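Across the two complexes that follow, chain A remains constant while its partner is chain B and subsequently chain C.
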Partner chain A sequence: MGVAAYFRHIKEAVVTIFDGMAVTASHLIRKPYTIQYPDRIPARVQDRLPFRYRGILDVDLEICTGCLACDRACPIDCIAMAIEKNAQTREIIISQFDIDIAKCMYCGLCSEPCPTGAIHHTTEFEGADYSLESLIRRFVVEPVVAYKPKKGPEPDPAVASLLERGMKYVDQWAQPGSDKPPTPKAASSAQTATPQPAKPAANPARMPAKGAAAAAPKPSAAPARKGADGQAVTQSPPAEASVDNREATGEAANPAIDTAGVRQRDKTPAS
Partner chain B sequence: MSTLRTEEMTLNMGPQHPSTHGVLRFVIKADGEVMREAIPDVGYLHRSIEKIAEKVGYHGFMPYTDRVDYVCAMFTNQGWAMACEKLAGIEVPRRGEYCRVIAAEFNRLASHLLTVGLMGMDIGAMTPFLHALREREMINDLIEELCGARLTFNYMRIGGVAWDLPPGWREKALAYLDHLDPILDEFNALFSYNKICIQRLANVAVISAEDAINYNLVGPNLRASGVKWDVRKDIPYSVYPEFDFEIPIGRGEWGTTGDAMDRYMMRIREMVQSSRILRQALTQIPDGPVLAKVVRNFKPPAGECQVRVESARGDQGWYVVSDGSSYPWRVHVRTGSFAAMGIIQKLSRGLMIADLVVLIASLDVIAPEIDR
Partner chain C sequence: MNNSLVTLIGRAMFGPAPLDHTDQAAAIAVACAVVLFAIAVPFASIVTWVERRVWARIQSRVGPNRVGPNGFLQWLADGVKHVCKEDVIPEEADAPLFKLAPYLVVLAFILPWAVMPFSSMLILADLNIGILYMTAITALTVVGVLMAGWSSNNKWSLIGGIRSAAQIISYEIPAGLSIFPAVLMTGTLSMQGLIRAQKWEPYHWFIFANPFCFVAAIILFVSTLAENNRTPFDLPEAESELVAGFATEYSSMRYLFFFMAEWGNMFIAAAILVTLYLGGWQIPRFNWSPALMNLLQFICFLVKVLVLVFVSMWIRGTLPRVRIDQMMSICWKYFVPIGFINMIGTAIWVAFFPHGSRLMEMAMFALALAIVAAFAWRVAYFTRRSRMELYFHPTI
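Then we have the complex of A and B:
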């Protein structure tokens, strides 16, 4: 390298450094982009996140239909649900609904098939806690009767507001084959076409799951409204879930449970 | 005076070295400051994602594809979705394809911004990194509004996408692109055309076109060596044939064709092209559904297929074998970072130890993508 090239390099370096410094200096008069978290912000970050934000899962048990769609969709089985069906009153009793937040990967596959938006992601993301045990969110304190979609508007205003929020959440998801989300009204008319519940013949593949659910930590009190011949339909808790059980619940899904939602999804045959 | 005794020194770089992109280890045999060779030791981030696919089924595997390459997860999403669609013969609605292209190109911008920022960081310039991350942050905000997550998107589904564009998002995205184009020029003035940067990157770790092909490099690394090969143009998929864009190739303006500077500039030029594609996609996007009708218990007919997508790290291949059940029989991903690791041993001969960092940064390897 000659002397001329050496000095040319020095000159170019000085010039380009000043080009760069001009960009840096221009930031003196620009608005800063960084925010000081968690204080010195005008509003909580949680309140400014978009509606679709996939934060910690929450369940509105008042509008949960007990259809188990979320349980089946979860790829890592972090949802543990146990439901029992009363054959006489055709009511579904939810006796366990646990979500292991420590396991959850916030993929949103559970809230996608939910017919009422009962299971949904919140904008809450600060989930630090002192023990793993406390990260298991148990939503069922004592067994509750699952929500049944009504024809027409919801009479209970508390449930109606929950349902309104839930359906707003549901409408965010893309509807297969249509560019317009179904209105809750049209969906509730589809509810009238609910087929008869499955006959009580127990599915042998589900038998081991029953035993597993009995061992699961769930409220021991028997559901008050369970009939004498009420058939129990249980889903195994995560630890005991086997491939066989998933096959059984996924393929030979109980039609009565499956169509209990206000919205008919995934009922289209394979193309 | 007798000559001093010298010996070859074996150094370990990584696996926790901050300059290596992820958990990655190099065993370096060095003679003073010059390397005899650097042997990459991969596998620290192996999470057997391909095996997991055999257990979680077709729909359930989609969030796992985010973890294959977490810097540009849209492409792994798209690769998996395309493989499943090819197996089952599902046609994606046109708006769905447009949504995919928009999301993927925004992700390419985000990924390349991280790469060029990290290049500055790796050679000791902190400021460009922060500038690039600021822009990436804005893209993350856009994507967050679109699909609810900033990194592990899980945006695509077999048969389309999970969410349509939110109201007003298109205008926001176009406004962002108007903001980005001058920022790229500003970034060039700040860092790319800086004499120190050029001196540091030019003529370092030169890969000839022949070597690039022989070592199976893909994507920007291959194109920087002067080989014009882009899956988006050469094996068109999705709606890419409808867009007017160019494939930039390395010409060696600052040194030799295929040096680290060419590979760095390749990312800057691709960002300009991505911005062009995005503008066209956002203005041309048709109305209609975004998701085809696909059963929840997805069972493609028995068979096998291979699809290729042009990810930010190059040609990404998805090989899926179905036996007709709800679970894939075998899934294999071929990623650009793994291909790039192969050439490091050859290139490191005679390179300075400090230049190994430049080499890794210019090849844009992402450790989880190497190991999966």
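Then we have the complex of A and C:
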């Protein structure tokens, strides 16, 4: 090592350390990047997520029809449901509705066939807990009578708001890629898919699916469906069939299909 | 030397009892005890929190800010956590040495406080070989570290201990050579004597006395970094190579002792540099009561030391670890020869200018200001180029 190299090393060390210290000093006065989750953020993350975010499942038991479609759709059996049917009053009594959040993989297949949007994903995603047992959400405290769609609009305002939310959820599910309110374009695509003129969200009578099917002046597709329902009593096609059907007919939320699904499921537990 | 506690106690025991001095001696002893308990031990703990916050800001993070106001009680939480942990002693370890080692390291951290010149009166023992005592005692760390490395019976620990021994002993030489210029200019080894030879004005500090002193102060600072196993010289505890070096097998409070000593030694290293080259506790003279003057001197000393401690944290946030051969080459090829040049140069300087040269002092002070200005310009350049939102508040 020559003398020149010796002094060059010293010079390089001094200059580079000088510059390096300047770089870190400039970082010292910058605003940190850190977002201090969860308590020092301007708004809760849950409130800023889209409506269709697939978070932890929740069930609005007030509008659950007890059709068991979610139970059947779940690919990993994390939903445990038990229902009984009262032969006289033809009421369905839900005695158990447990969802094992620890098992749930947030696929959304349970909320897809739900006729009323009772089972739905919330935007909540913080599920940490101290025991595995407490991650099983038990929605039924004591057996309740399942919701039965009314003829005409829902009289109970509390239930009506739940139902409105649920149907909005289901409708958005049926229109992939739109978490915005339905636009005329969406309505026109719905028209091309099915011949019915009714715009899904615009028709308030449609909200209770089964009631709407019975009460509202149905387009030509509805009677055909009803005929199919009559056969369904004997044939009892699987619920997946109706799901596939909906997917096949496109994104339009066809109330008739929902009706068919509800009716089929009404029969299944009894048989 | 009437103010020295040792002198007073010595007279009280062996000479005619100086009754008028016993009150003063007791007062100084109490003040020193307060300073030790209020500064030495908490400093080593609290500085961990400060250091983590400083690194965090350097890396555009936030750092610990949850325990207490702005995370201030983080050190207490860490301490309690360590005390509550199991104290594991490996079966194959040499138990007596293993247990003894942390105490030796802590001893090397506690003993230098005896000659720490906090103010003109606040010093436990103004030994006439103060700076020599300081250097000798801080080198005691190597015994503890080597003992820990050997007794752990673990290859990582042993390599860490050996590295530490090599490093501390090597860097004692440039550190010692860098102490000489200040000693040559004052002709005393006493800490108070070294400070009294300087004045409160920055250009009368020894660092600006001549170019050799300027370089010597920088070498002393870097060498003390190396002696305290601070980054970029933290080879003995290089996580990526040696797990935790000599502290690998330690747990619980014994582990904490090593790190308390390491962080506490930052204060001591900074205090040595402040005493020798940065004017110590010197403040302008006022006709105020001695107690108030001593308090102001103490604050002055503390501020200077804390600034240097901050620089040492800042270096740790900036520079990567050097390789072992680079560390040795920095010491033996660069610092030792330059240290000798500094010593001889200062000796010649003192022969020619026994009372110092006002012109050179001013020139060196101007040079230092120019360096600081250039640095500020550089920082402004990097800040501007990044186009980032600035945030000057120390807490977030």
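By our rule, the second predicted complex is superposed on the first by the 136 of 271 C-alpha atoms of A that agree within 3 Å, B and C clash if a C-alpha of one lies under 4 Å from a C-alpha of the other, contacts with A are read in each partner's own complex, and residues count from 1 in each chain.
Heads up, the rule we're going with is that a contact is a pair of C-beta atoms (placed from the backbone, for glycine too) under 8 Å apart; a residue touches a chain by one contact, two chains touch by 3 or more.
Predicted model only: the values in this text are computed from it and were never measured.
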item	value
Dominant contact partner of chain A by residue count, chain C or chain B	B
First (chain B), second (chain C), both or neither touched by A:Leu132	neither
Touched partner set for A:Ile17, first chain B, second chain C, both or neither	both
Contacts of A:Glu112 with chain B and chain C, given as first, second, both or neither	first
Touching partner for A:Lys31 - first (chain B), second (chain C), both, neither	second
Partner chain in contact with A:Ile41 - chain B first, chain C second, else both or neither	neither
Doubly contacted residues of chain A, that is, touched by chain B and again by chain C	9, 17, 19-20, 22-24, 33
Residue numbers on chain A that touch chain B, as the complex places them	9, 12-13, 15-17, 19-20, 22-24, 33, 49-50, 52-54, 72-76, 105-109, 112-113, 121, 172-179, 243, 247, 250-251, 265-266, 268-271
Residues of chain A defined as touching chain C within the complex	6, 9-10, 17-34, 36
List of chain C residues in touch with chain A within their complex	54, 56-62, 65, 314-315, 317-319, 333-334, 375, 378-383, 386, 388-392, 396
Touching residues (chain side chain B, partner chain A) in the complex	55-57, 59-64, 66, 88-91, 93, 95-96, 127, 131, 134, 137, 144-149, 152, 154, 157, 159-164, 166, 186, 189-191, 193-196, 199, 287-299, 326
